[in-house]
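As written, the chains take the letters A, B and C, and residue 1 is the first residue of each chain.
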Amino acid sequence: MTDQPPIIDQAKEQSEPVQQPLPLAFVNGEAVIDKPEDLYIPPDALEVILETFEGPLDLLLYLIRKQKFDIVNLPILQITKQYMEYVDLMKDLKLELAAEYLLMAAILAEVKSRLLLPKRQDAEEDEDDPRAELIRRLKEYEAIKKVAEELDNMPRQERDLFTGHAAPDESVEPIKVLPDVTLQELVLSFQSALKKAKAFEHHHIEREALSTRERMSMILERVSRHHFTGFDELFEASEGKAGVVVTFLAILELVKENLLELVQGEPYANIHVKVSSVQEW
Amino acid sequence: MAKISAAQLKQLVEAAIFVADGPLTKEQLQNTVLQDLKVSKKQLDEALVELELDYRPRGIQLVEVASGYRFQSMDSLSPWLSKMWHEHVPRYSRAMMETLALIAYRQPITRGEIEDVRGVSVSSHIIKTLSERDWIKIVGHKEVPGRPALYATTRQFLDYFSLKSLAELPPIEEFVPPEQDDDELTLHLAQEINQTVSAPQDTSTDVNESEQTINQEQLH
Amino acid sequence: MAKISAAQLKQLVEAAIFVADGPLTKEQLQNTVLQDLKVSKKQLDEALVELELDYRPRGIQLVEVASGYRFQSMDSLSPWLSKMWHEHVPRYSRAMMETLALIAYRQPITRGEIEDVRGVSVSSHIIKTLSERDWIKIVGHKEVPGRPALYATTRQFLDYFSLKSLAELPPIEEFVPPEQDDDELTLHLAQEINQTVSAPQDTSTDVNESEQTINQEQLH
């Protein structure tokens, strides 16, 4: 033992001898009541004890358990008396006494007085026990108190378990989510681009149908710079007359712009097409 | 690769859970790393079971918590592992734990109802701390005067305590009412607890319903 | 425990490296988790070597990097693991959209021609971004000095906008916003564009005129 045990230990040592004989005195709540003077605890120690109660229900449970009372046959007279002693002590110590403690005192007093009233003969026997509600509350609170302790003891993060992580390899790269673009934005952009073009009016505006321009792109893509492609390979019979015309116009346009070269070995022979390699400079 | 061997699948799932920022559900695995691979539910289940077994003898374990699968250290190693951090492990007061327990076992519950059971008022500090830890959230409002907030626990709460669902919480003592007690009320309470613990979905529906009621009322 | 078995040491070192916030050196391990345990340099080295071997066939590998030991995913899994993260690319700039629009409506077109219309130079970044998205491609080179690349839109571009062909690109005047400041110019442009877009078979001018009348009315 150290010279100066912590206050809380002192309190336990000194309070327990006082409370030990109590269970012997209270059997089924029908025994003599203790005297308040017996309950001497050094004031500063008591303060620590009292502050550990979570409220009146907790204090009542403490009193009941300490004296091994059966909660179902709650000896209301004794409990009330002891409870009031604690409440008085708290007052004496000028502890900030929560209103809940006084409310409980009132409830206990009411239950006690109802118990003292003679029972009416015609009353249904069990329904009228004035302690019932208090007992229910005590049991309910005790159940919650117990699971709260269990919860506190359960393995939990930060204290008992830690999550394991591994670093992604350097080659892991987040997938890029590309922005959405609407057709309307595209059209408005075209409009704004053209509006900006101050010199627009002086420029020659190409009159080709867009489908011809599209076909021009397609043909340029299909035709190689290095090999000749058969002229007729560029036409798709399935496109019908209009398709053939568009393709033909596109080829003429490309030839005109010196983008395509046409070669024909002899009259009526197959025409071949190649991306122009003419250097004009 | 549109198909993947069982061994490759295991490696991929293992790596994914390890590098993920939080727990991963099977659905998340299917929608991300397994997206273009034809992996059946059964194959994935098998890979997870095998991984769980592989890691049993190791210092790190594969566990399923509310938000999915994660690896976590064996709890027997915590006395040594905790030396890696200098900060003190947060401790929670009894008042805090009792409030949390009431919300966990009796959700959805109002602050007033918590106070009724505990017999003392619940400080705002407690509610704030629990909310900030993302352990509790407001899931609706009770249609009684004052429309008090209804609190429930979150998935993060379950994750923190390494639980898959509320059903895994330690069982709460279902007190047998004294003979002369108000049976009906007690049974009702016990029933409520059961429902809350074992059927979180039901609870949420109730909350939604009450929310709808609220909206309807607001319209008038 | 002041002494620890080789198996326990391995578990502890393994868990420590997994739960640490960053790579761990041998010194850090000795100074934290192994602090009160008598673990020799050699024992620690052996544990690390064994762990490295244990993990070789797994999806996660124990590697030593500059700042210590850490676990990291197998490099061959990267293509799949990459799917776990998304990076949102910011919206396209006006310059980007105008360039794309000009390529769509005026293809095949050179960069110089785009610059002529826009009055400003087209940054390489824009061309690169549009090419990477597979919306534009080079279809040839214009036979003028410098042989500039000719840009056109791709099939992916059409697919993205759910178009069967470029002919389905909307004619411009449908999108003329109300309160045009420069009505005359816009109408003029609209006419040009309309003809360009919708009149491959030489749509009669009458049709265009009547369409314009309607639009003019709608503007007022």
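A few points about this structure:
Please note the rule applied: a residue touches a chain if its C-beta (ideal position, glycine included) is under 8 Å from a C-beta of that chain, and two chains touch if they have at least 3 such contacts.
These numbers were taken from a predicted model, which means no experiment stands behind them.
Relative to the C-alpha centre of chain A, the farthest chain centre belongs to C. Chains A-C form the pair with the most C-beta pairs in contact.
Remark: chain B and chain C have CA centroids separated by 37 Å (rounded to whole angstrom).
With each centre defined as the average position of its C-alpha atoms, the distance from chain A to chain C rounds to 30 Å. Chain A and chain B have Cα centroids separated by 9 Å.
Each of the following residues of chain C touches two or more other chains: 15, 18-19, 60, 71, 73-74, 77, 81, 83.
Multi-chain contact residues, meaning those touching two or more other chains, occur in chain A at positions 162-168, 172. Of all residues in chain C, only 10-16, 18-20, 32-35, 37, 58-60, 71, 73-74, 77, 80-81, 83-84 touch chain B in the complex they form. Residues 54-58, 72, 98, 100, 104, 125-129, 132-133, 135-137, 139-152, 154-168, 172 of chain A are the ones touching chain B in the complex. Taken together, the chain C residues at the contact with chain A in this complex read 15, 18-19, 60, 70-75, 77-78, 81-83, 85-92, 94, 97-102, 104-108, 116-119, 133, 137, 139-140, 142-145, 150, 152-153, 160-161, 163, 165-167, 169-170, 172, 174-177, 182, 185-186, 189, 192-193, 195-197, 199-201. Within the complex formed with chain C, the chain A residues making contact are 162-179, 181, 183-201, 203, 205-214, 216-218, 220-221, 242, 246, 257-259, 275-276, 278-281.
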